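Structure record follows, encoded as structure tokens.
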Amino acid sequence: MTQPLRVTVWNEFVHERAKPFVQKLYPDGIHAVLADALREQLGADVEVRTATLDEPEHGLTEEVLGQTDVLTWWGHTAHDRVNDAIVDRVQRRVLEGMGLIALHSAHASKIFTKLMGTGCMLRWREAGERERLWVVAPSHPIASGLTHEYFELARTEMYGEFFDIPQPEELIFISWFEGGEVFRSGCTFRRGRGRIFYFRPGHETYPIYYDSNVRRVIGNAVRWAAPTGATYYGEGRNIPEPLSPIAGRGPAEHD
Amino acid sequence: MTQPLRVTVWNEFVHERAKPFVQKLYPDGIHAVLADALREQLGADVEVRTATLDEPEHGLTEEVLGQTDVLTWWGHTAHDRVNDAIVDRVQRRVLEGMGLIALHSAHASKIFTKLMGTGCMLRWREAGERERLWVVAPSHPIASGLTHEYFELARTEMYGEFFDIPQPEELIFISWFEGGEVFRSGCTFRRGRGRIFYFRPGHETYPIYYDSNVRRVIGNAVRWAAPTGATYYGEGRNIPEPLSPIAGRGPAEHD
Amino acid sequence: MTQPLRVTVWNEFVHERAKPFVQKLYPDGIHAVLADALREQLGADVEVRTATLDEPEHGLTEEVLGQTDVLTWWGHTAHDRVNDAIVDRVQRRVLEGMGLIALHSAHASKIFTKLMGTGCMLRWREAGERERLWVVAPSHPIASGLTHEYFELARTEMYGEFFDIPQPEELIFISWFEGGEVFRSGCTFRRGRGRIFYFRPGHETYPIYYDSNVRRVIGNAVRWAAPTGATYYGEGRNIPEPLSPIAGRGPAEHD
Amino acid sequence: MTQPLRVTVWNEFVHERAKPFVQKLYPDGIHAVLADALREQLGADVEVRTATLDEPEHGLTEEVLGQTDVLTWWGHTAHDRVNDAIVDRVQRRVLEGMGLIALHSAHASKIFTKLMGTGCMLRWREAGERERLWVVAPSHPIASGLTHEYFELARTEMYGEFFDIPQPEELIFISWFEGGEVFRSGCTFRRGRGRIFYFRPGHETYPIYYDSNVRRVIGNAVRWAAPTGATYYGEGRNIPEPLSPIAGRGPAEHD
């Protein structure tokens, strides 16, 4: 690929400024660490910029989105503060082909629920327990380069089923939690011309985005979600002239 | 089944009052013909009521929806006049388990696009051409009782690909059109606890809903979309106590 | 349904005669307990017969299969002793519309692997650990009547991912195991006109088939897998005459 | 990708030597034209070799398959002459990660039907009619670079539904035929670690494999089906030691 992928890393950037122990983990914000991870994983194949809630238009202007191949989304406490018009704009771009990586608590973001059509709620527990992510689609590009049947996070927030999403087109990871739950942690969807990946890991109170396996998966996912060169296939429209001849239209009822 | 299925047939009921040739085909409205079709197909297994756009709350009060197992939806020219709050209410009921049958131009209705997350647009042509619906999932209950590999409609409006929906969970019918297009005409989806079927046939200017195969499919679909006795599986919620013991939570970063 | 479903419960019936502790659990064979479970769950809606490996043609004659709507399969230690011609016969019946419920170690049976096209292997451990089956498709008829988000088996053999099956069309249960694994424990597939359900629980050394939730799921699954009244859609065949006119065939290359 | 993809193009190579009008179209065999197409599409990213039925072990020795990333398959009249042991070998390689592109009448090949688990039959007609392939997954990499909603083949053999395959994981093309049928013409499947694409066009009596859109799709498909760097995820095996502690195993029934 000669053109680098243009990725925008979006973060609500609230916890990191409000809570000291989050600030310690992510002093420049989760977005800064995610941007680093993408540069580490994709090198010269990627150009990363970041955007946050407090910027004008949340940093997601038409111009920025028009230059974004893949958008990653992290939000948790401020979903309601995201402007509906911006959400519509992001959705339109996804339908046009922009990839979207929804991370962790982005399950409840306006943009993700809007693209899914469901509530996207789940069970949770913040108890610092162990998580083991099992690979159930080992040949999927998003799992590429993982060296084992599973990988572990020593301490995480738990997300458990029932996760109220449409059945994923491809299920890539299932999480096991020490406290007794399971979760569909890596799920792909397509909407319009855009490709979407939901990836569970990432609570702000644990150093999840420094984990090498998590970073690898996010890098793979960005590559996978990149636009595929689909030409414009047209919005719905009237096609008055048939492509092939119609034998006899007969007396139309509406004449 | 001892309890009859409670079906609400919704119709915007505009064309039938505005256009004489539609009135001739459907003098009491498309909803009246659909209600008859369901009684014919399901007999004592069904209780049908109808609702239309002009009724208070479009006839879809909390009470009506609370007593509806399956809702069928027909709309075309007045999608925008459907109140957003009612759409939200219908969506909530679908997520809780109510079935939804979206008919023909309901592809562009607010409720269908909201549940899909996409634009749901398509190509069309109104030329009275022949349509042949091929069964590609012959053992699906929705195709039950069809006696041939396909069935035909002598004159219809054309709907053609690309149809901007998420990939259906089950694809049951593919239409061939005389003028050269194809279309995914019978598609199932699940959202929350609800089951959704999109079925293409049905333009108001042709007597489609008098066709015996179309009526059979709609009857099958209503049966298929009925709630399955799922108990309430709960909205997302915090589960502070683990189900199984957590060995050691360690020093939480947030202490 | 006026006609009762005709179910054949197949069991290799080896462990129960060879191992005293299995004999104690299933004195008349696993098939006898499964047959009881189906009668308990489906009552007058079902007619159950059993068949075992040692019978002539393994009890699966053309006549028996011709009168079987749904076949349940339990095998473990004697997969290789099942005659290939009988496997072909069962496969043919599934493609014609007979339902198949593959239980527990039937994952490695000839009939299941033949229908899947993959090795169907998995990880396992026999340590009497706890299993918790989470419902991830709460509105699926196979989960009908379960009263909670999950159900538990106090002591089971573990089956863990990677489970080498094609991605299920519908994933209904995911198991959590105390020892750290997860498993796709309830999976649907369609092949030809037949519907297939794989259900994990069932090791011969634990009283799994006496569990009320397990029995309920198997009963639901048999109902779900029943033939749907699909008429015969024909094997592949030449259709020399087009259904619609072909404008001009031009000079065929092969003349 | 620094390493070129290693592709083996397999052809039964019977018609081209037996029928003059096929020989005229494909004087060096269909495999030669397909090999050229891949070199044209993928350039330095690919190393192509060919193999045919009459070679020892059909040209598909352990060594050749061990060095093959993606195998394309064309067969029609001689499926039965392919040795079962070689078919097993190819299947094993697919499960290990080798991609497989099944072309046209390969729908009925031993390797394809074995991986599908179904009969894979269909309806057909050889009448030189027009085919129009509609793109129903415009953002799929296999459709990359196509410049229109559909592409046409002026004269082809017809393949029609019902096509007895498992529901594809992704449906990419649907064909419209002048004579009245439709067909799922581009379908993806995963089996084990391998990715499979079925692509309909290609009858030996028409110059299908010289068509630029067909060549583009086959090139895209080879790229898509390439192994993804999945490490070895292990065959099924016993895991006697749990990954996480098991609280109490209790009195095992089998002690």
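Per-chain numbering from 1; labels A, B, C and D assigned in written order.
One rule holds for everything that comes next: contacts are C-beta pairs under 8 Å (C-beta built on N, C-alpha and C of every residue); 3 or more make two chains touch, one makes a residue touch a chain.
Please read these numbers as outputs of a predicted model, since none were measured by experiment.
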item	value
Intersection of contact partners for subunit A and subunit D	B, C
Residue-number overlap at the subunit B/subunit C interface, same or different (half cut)	same
Geometric centre distance via CA averages, subunit D-subunit B, whole Å	36
Centroid distance [mean C-alpha coordinates] between subunit C and subunit B, Å	31
Gap in Å, rounded to a whole number, between the CA centres of subunit B and subunit A	29
Residues of subunit A engaged with two or more neighbouring chains	123, 130, 132, 135, 137-138, 149, 160, 162, 167, 169-170, 178, 180-181, 190, 192, 233-234, 243-245, 247
Subunit A residues touching subunit D - in the complex, by the definition given at the top	97, 130, 132, 135, 137-141, 143-149, 169-170, 178, 190, 192-195, 227-231, 233-234, 243-244
Contact footprint of subunit B on subunit A as seen in their complex	19, 21-22, 24-25, 91, 95, 108, 114-119, 121-125, 127-130, 154-155, 158, 160, 162, 164, 166-167, 169, 178-181, 189-192, 205-207, 233-240, 242-247, 249-250, 252-255
Residues of subunit C touching subunit A in the complex	123, 132, 134-138, 149, 160-163, 167, 170-171, 174-177, 180-182, 184, 244-245, 247
